[in-house]
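First the structure, then my questions, so here it is.
Chain nomenclature is as follows: A, B, C, D and E, assigned in order of appearance, with residue numbering initiated at 1 for each chain independently.
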Amino acid sequence: MQLLPILLIVFPLLGFLLLGLTQKLMSKSTAGILASSVIFINLVIATVLFNFVSSNNETLTTFLFNWINVGSLNIPFEFVVDRLSALMLLIINGVGLMIHIYSIGYMKEDEANNRFFSYLNLFVFFMLILVLSSNYLVLFIGWEGVGLSSYLLIGFWFKDHANNDAAKKAFIYNRIGDLGFLIAMFLLYTNFHSLTISEIAAKASTLEIGNPTLMVITLCLFVGATGKSAQIPLFTWLPDAMAGPTPVSALIHAATMVTAGIYLIARSSVLFVLSPITLNIILIIGTTTAIVAGLIAIYQNDIKKILAYSTVSQLGFLFMAVGLGSFTGAMFHLFTHAFFKALLFLAAGSVIHALNNEQDIRKMGGLSKKIPATFALFVIGTIAISGLPPFAGFFSKELILGVAYEHSLTMGLVATLVSLLTSIYMFRLLFVVFLKPESDAVKANHHVHESPKTMLLPMSILAFFSMVVGFINIPALFSENHQFENYLAPIFEISHKLVPSHETIPNVTEEWSILLLPLLVIVSIILFSYKRFVNEKALQSASGLTSLMADKFYFDEIYDFIIVKPSIFISNFFRTIVDQTILNSFIDSIGSSTLLIGNYVRRLQSGNTGLYLLLMVFSIITVLFLNIIL
Amino acid sequence: METTMSQFQTVPLQYYIIFCSALFSIGVVGVLSKRNALVIFMSVELMLNSANLLLTAFSAYRNDPAGQIFVFFIMVVAAAEVAIGLGLLVVVFRSTKTIDIQVLNKLKW
Amino acid sequence: MNQNPKIQLTNRSKVVSNKEMTFMERLYLPAILKGLYITMSHFFKKEVTIQYPEVKRPVSDIYRGLHVLKRDDEGRERCTACGLCALSCPAEAITMVAAERTDDELHLYREEKYASIYEINMLRCIFCGNCETACPKEAIFLTDRFVASETKRNAFVYGKDKLVEPKDAPIDISKRQTAEVKTFKLDKSKSHNK
Amino acid sequence: MDIHFLTYKLSLAGGILLLSLLIAMYATLLERKVAGFFQDRLGPNRAGTFGLLQPVADGLKLFMKEEFMPANADKFLYILGPSLTMLVALLSSAVIPWGGNLNIGGVDYSLQMADINIGVLYTFAVVSIGVYGVMIGGWASNNKYALMGAVRAASQMISYELAMSMAIVTIVMTTGSLSVNDIVAQQHGFNWNIWTQPIGFLVFIVCAFAECNRTPFDLPECETELIGGYHTEYSSMKLGFYLFSEYINMFIASAMISSLYFGGYNFPFMDVLGVSPNWITIIGTAVLFIKIAFFMFVFMWIRWTLPRFRYDQLMRFGWKVLLPMAMVNLILTGFFKLLFK
Amino acid sequence: MFSTYLFIFLSAVAIFSAINVLLSKNPIHSVLYMTLTFFTLAGHYILLNAQFLAVVHVIVYAGAIMVLFLFTVMLLNLNKEGQFSKTNLMKFIAGIAGGLLFLLLIGSLKSFDVAVVSNPELTQIGLVKNLGTILYRDYLLPFELSSILFLSAMVGAVMLGKKDKI
């Protein structure tokens, strides 16, 4: 049992090395099957581990070796499997397996198929390190590693310059966040003299609420999380990251990597509950992100971009839940979201595949008849993400909404608004792509075809899970059986003890209203969007507020104006005035005076080694002489 | 110091100091008075060795193994240094046909 | 190769092939062990050495070895120093100086003229036997004896002291006097002294 | 240090010295006899019965021959070369245990000259300075063939020394001791190191061939290319020293092989024989000499079987085959040692 | 007393041969005298009961380093020093400097009060077992690093030795 976590990371690493080293040698199908079977083995192991930790409430610690042992700094390379990481293991390997299988079909035509699979395995390897690590530094390896794999996969088609730019953008935005993470680590070490998560939690739990150091640390951690999870200041990379292959978007930029921020915060829940100010900031940023991204998503025309903004919005929703103190809610939604967002991306990939790499939804329409299977799967995903009962999204959103209403009515309404936005853009997407009359482009395209079984099968499995997975945590209204909450309870035990939870069970009327309100709204939205989008109106050029949304609130342009332009201006100023005129003349004078002195002194350097040696010996003699005298 | 020495009735530590200093000085004289790079190199080795011996002597007299460990590492460094140094000498000889350090003043440029 | 067979000088020739060696071959150890086996098998074979002075290799009856200058039945040297043997010698190994027999030498030499010096350089001689054939007096014969090894070249120039057979121990040359030879010698029409 | 002990050690040293010389002497005869037999000949058999006096005759001949010294030779070094070779060849016998302990009158007499606790390292050291004799001799002759032979010999010896050291290091790893005596003592009975170290043995024996300059590694004295190698200019007993030291080296190498891999003076069933320990020691010494004789025979056997390597083949073999093999062996040994700890 | 005589003998030989390293006209003789010096130094190590160092010294210096020197001298054919000689003035200055240094070294080393705590002939730290334990326990990292140093030296030497230009 102790060995299993090691095996868990060894297999993807082996897969990566094998595939990476034999790129040209291995046939494409073998590569896909090899990569998938690696993940399949991993899934089996993950299931075993999950069973183990869920059946008996203990954590499994695997010590590999002492990584850094310098002075008082002691960083073991150690893996911890507790209920939280076991859950993440299931998500990563489960969704990962589906996407690997899907990729066999999707990437069949690509010449760099083997490279793709080796990168995917590498990603899984780093992601597993991230979730398994027992301390922040090893976690940081995984954190950077997934960033690397993300970079490699976004820029997978590196021959196109735009893709490279997108990859670089993602990488750089992530680095900004990582800086926060690094600072947080330094602070953690100086304050707690350890980087092991459990030790820090134990030491931090003795501090009082609102400790300023903790606040700074948590803020820095949150900066890291915003980078990785695409929150407001640092979110624009995620839509651009859609330049990568669709399975990558599904795996990395929807289901797993972007949730690392949430995971980090959930892992450090003790620190966060002790700093309410940070939680409030998270709440604000999460809410803003959710709304802004949702609004942008409504007016996008690229199928993948819509899903990307949807992801950003959902992540904002998750942060909102975290900000409200509901880690369980966040984790639950993360769990369900992984399934249906992966499903949606894969389905979108299937659409793109069917239309020969067409991503503009204006050139789609009426696909429900041509690719019925994809349509059905897409509908399931849409319903799930919109939160219609009894699909998974409903249950998880309900949990968060409940917490929001518990917090305040305003908050509850805002949360409801977010889910409203979700259903608006999702149904718009559904209608425009599948139900609207066929566009000219589709009519002209005679090669519209349903995807192969290797793509449909994993999608179906994901769809199945999107439908049923919510039942593991049925709302209090219907049942007392809160499996998911009970499952994660030990993880957040300390934090709940420290700060009384908001996640008290709401009274029945409130619960009903929570349940019914979104339901009503969603139904009305469906009708509204059907009317609005299927009737072609929406596709005319937007104006006013809508154009603002369509242009993503000019976030990139604002960044350009606030940060890039001034920095260029300041740089120019320093370059021309400070450096070239002031500093240069100063330094030049040093140089010229050195030159002057050197002109005389250089005669000593005759090139005669004997002379040098003589001088050296006499210097030694002088030093010794002085030593005796003084 | 004299009293401790008399307990052992063995070679006084000063002998080693004198001997090693003499050896070291011979090395220095060699470095200064020779023009053959190879012999200079050997003189450097001689100096290293005198230091080694003195380290060992101190280590043995003070019962502190660190000195001998140090000698071991000096030997390692010396071996590496000789491999590289002689390689350089051969290269220099190939290009200039001499290893006279008076001639090798090209370092100046 | 097989379709167009070339003339082969020996049936033991092998076609050379520079095939890539297999792993087992590249290990060399089996080949080495095989070699060791071969040498070892020779170790136990019967040695073929003949320990010369004690044991002699059997030679044929008409083996052409060291020359002998025969004496006649009365013990007189047969050679008359006619020089035919030197003339017939392809290697020019024979030299001689003739002398006239005085009266008190009657019991020593059969003919009136005799060889006072008769030398054969054994380093030049090729033991062809032409001298024997050429001799009209049946004086020189090749025998089955060997020329002994020496340490100086001069010693290989054999004079009369080594060539003439000792009086008391005549060298048996009857093996060479086969019936054909005798009849050939009797046939005067073929004789030199017509 | 009492006089008794000192005299014993000195006499043992003298005895072993004489013994090695004697054995080397007769090894030359053996070589010629063996060569003869391998070639279906008899070998020397005229001087004495079975040619037993042949080595004496050879030695006499070498002594009687003209003492020739090249005009431009460095006189001192020219003489130093063969002497050093001989000296080094004789030095390494010091750490070989020729037998167990003899108990005479209640005192244990060890049949090893010096049981120093770093015997294996001592062997390394002696082997590593063996190059000097060859190099000095070759250089002092002031002859380009001799110099080439000397340089070849030196580079060959240095190259093969590495693999040999690696092979011995594996032995040290398995036995955990640097003392040859300990290593031999641990191979009690039939518990020989060859069973655990076959690859190491292979590497060691090949390197032993190379270090002794024996065929197929006799490049330094390769007649066809370099006239006579480093001893081209040597004659008389100085040449004799070079040739002789080769046989001494062979003897010592055989003794090392027997000690390190074949149990030295140990033999199977030595515990169930039921005779007094002194007898065991004597039998053990005899057994050791039988082993040594066998390996010397193997040396000769190989010499008269295999052709000589080409120089580039020799170097490639040493660096690209033997050294990696020895290293792999080292790693494997370490691995197994960890596994069965 | 015996060890003192041995010490004096070894030292005398060492200094004699060290001086001869400098005085020999022929580099080969220098190298050989150097080797002799190293052997006497090995003797010194044994006198200090540093057996391991003694043997390693012989293996490394006599067995490897000086052989390399010999190789170089032989291959470069530097038999004659002839043109390599400095002016007498330089030699004089060198001698003075060496002498000065000698005196100063003794003086400065003597001024340290080195506490003698053990008998070098009986101390056990020089044995392989003890040194090995310390080397592999306390100095493991430098030990491993030195292997990297060796590797890079090897690579460097091979690169330098290559005939063709890089």
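Quick notes
Note that a contact is a pair of C-beta atoms (placed from the backbone, for glycine too) under 8 Å apart; a residue touches a chain by one contact, two chains touch by 3 or more.
Note that this is a predicted model, so its numbers are computed, not measured.
Once subunit E is ignored, the contact network of the remaining chains breaks into A, B | C, D. Note on connectivity: the fewest steps through touching chains from subunit A to subunit D is 2.
Both subunit B and subunit C are touched by no common chain. Among the remaining chains, the Cα-based centre furthest from that of subunit C is the centre of A.
Per-pair counts of C-beta contacts peak for the chains B-E. In whole angstrom, the spacing between the mean C-alpha positions of subunit C and subunit E is 71. Centroids of subunit A and subunit E (each the mean of its C-alpha atoms) stand 61 Å apart.
If each chain is reduced to the centroid of its CA atoms, subunit A and subunit C end up 105 Å from each other.
Mean C-alpha positions place subunit B and subunit D at a centre distance of 34 Å. Touching of two or more other chains is recorded for no residue of subunit D.
Shown for subunit C are the residues that touch two or more other chains, of which there are none.
Contacts with at least two other chains are made by residues 28, 32, 35, 102 of subunit B.
Chain pairs that touch, as defined above: A-B, A-E, B-E, C-D, D-E.
Of all the residues in subunit A, the ones that touch subunit B in their complex are 605-610, 613-614, 617. For subunit B in complex with subunit E, the touching residues are 1, 4-5, 7-11, 13-15, 17-19, 21-30, 32-36, 38-39, 41-43, 45-46, 49, 52-53, 56-65, 68-69, 71-73, 75-84, 86-91, 93, 99-100, 102. Interface residues of subunit A facing subunit E in the complex, by the touch rule stated above, are 610, 614, 617-618, 620-621, 624-625, 627-628. Subunit C contributes residues 32, 35-36, 38-40, 42-43, 45-49, 51 to its touches with subunit D in the complex. Interface residues of subunit E facing subunit B in the complex, by the touch rule stated above, are 1, 3-4, 7, 11, 14-15, 18-19, 21-22, 27, 30-31, 34, 37-38, 41, 44-45, 47-50, 52-53, 56-57, 60-61, 64-65, 68-69, 71-73, 75-76, 78, 81, 83-86, 90-91, 93-95, 97-99, 101-102, 105-106, 109-110, 113-121, 123, 125-126, 130-131, 134-135, 138-139, 142, 146, 149-150, 152-154, 156-157, 160-161.
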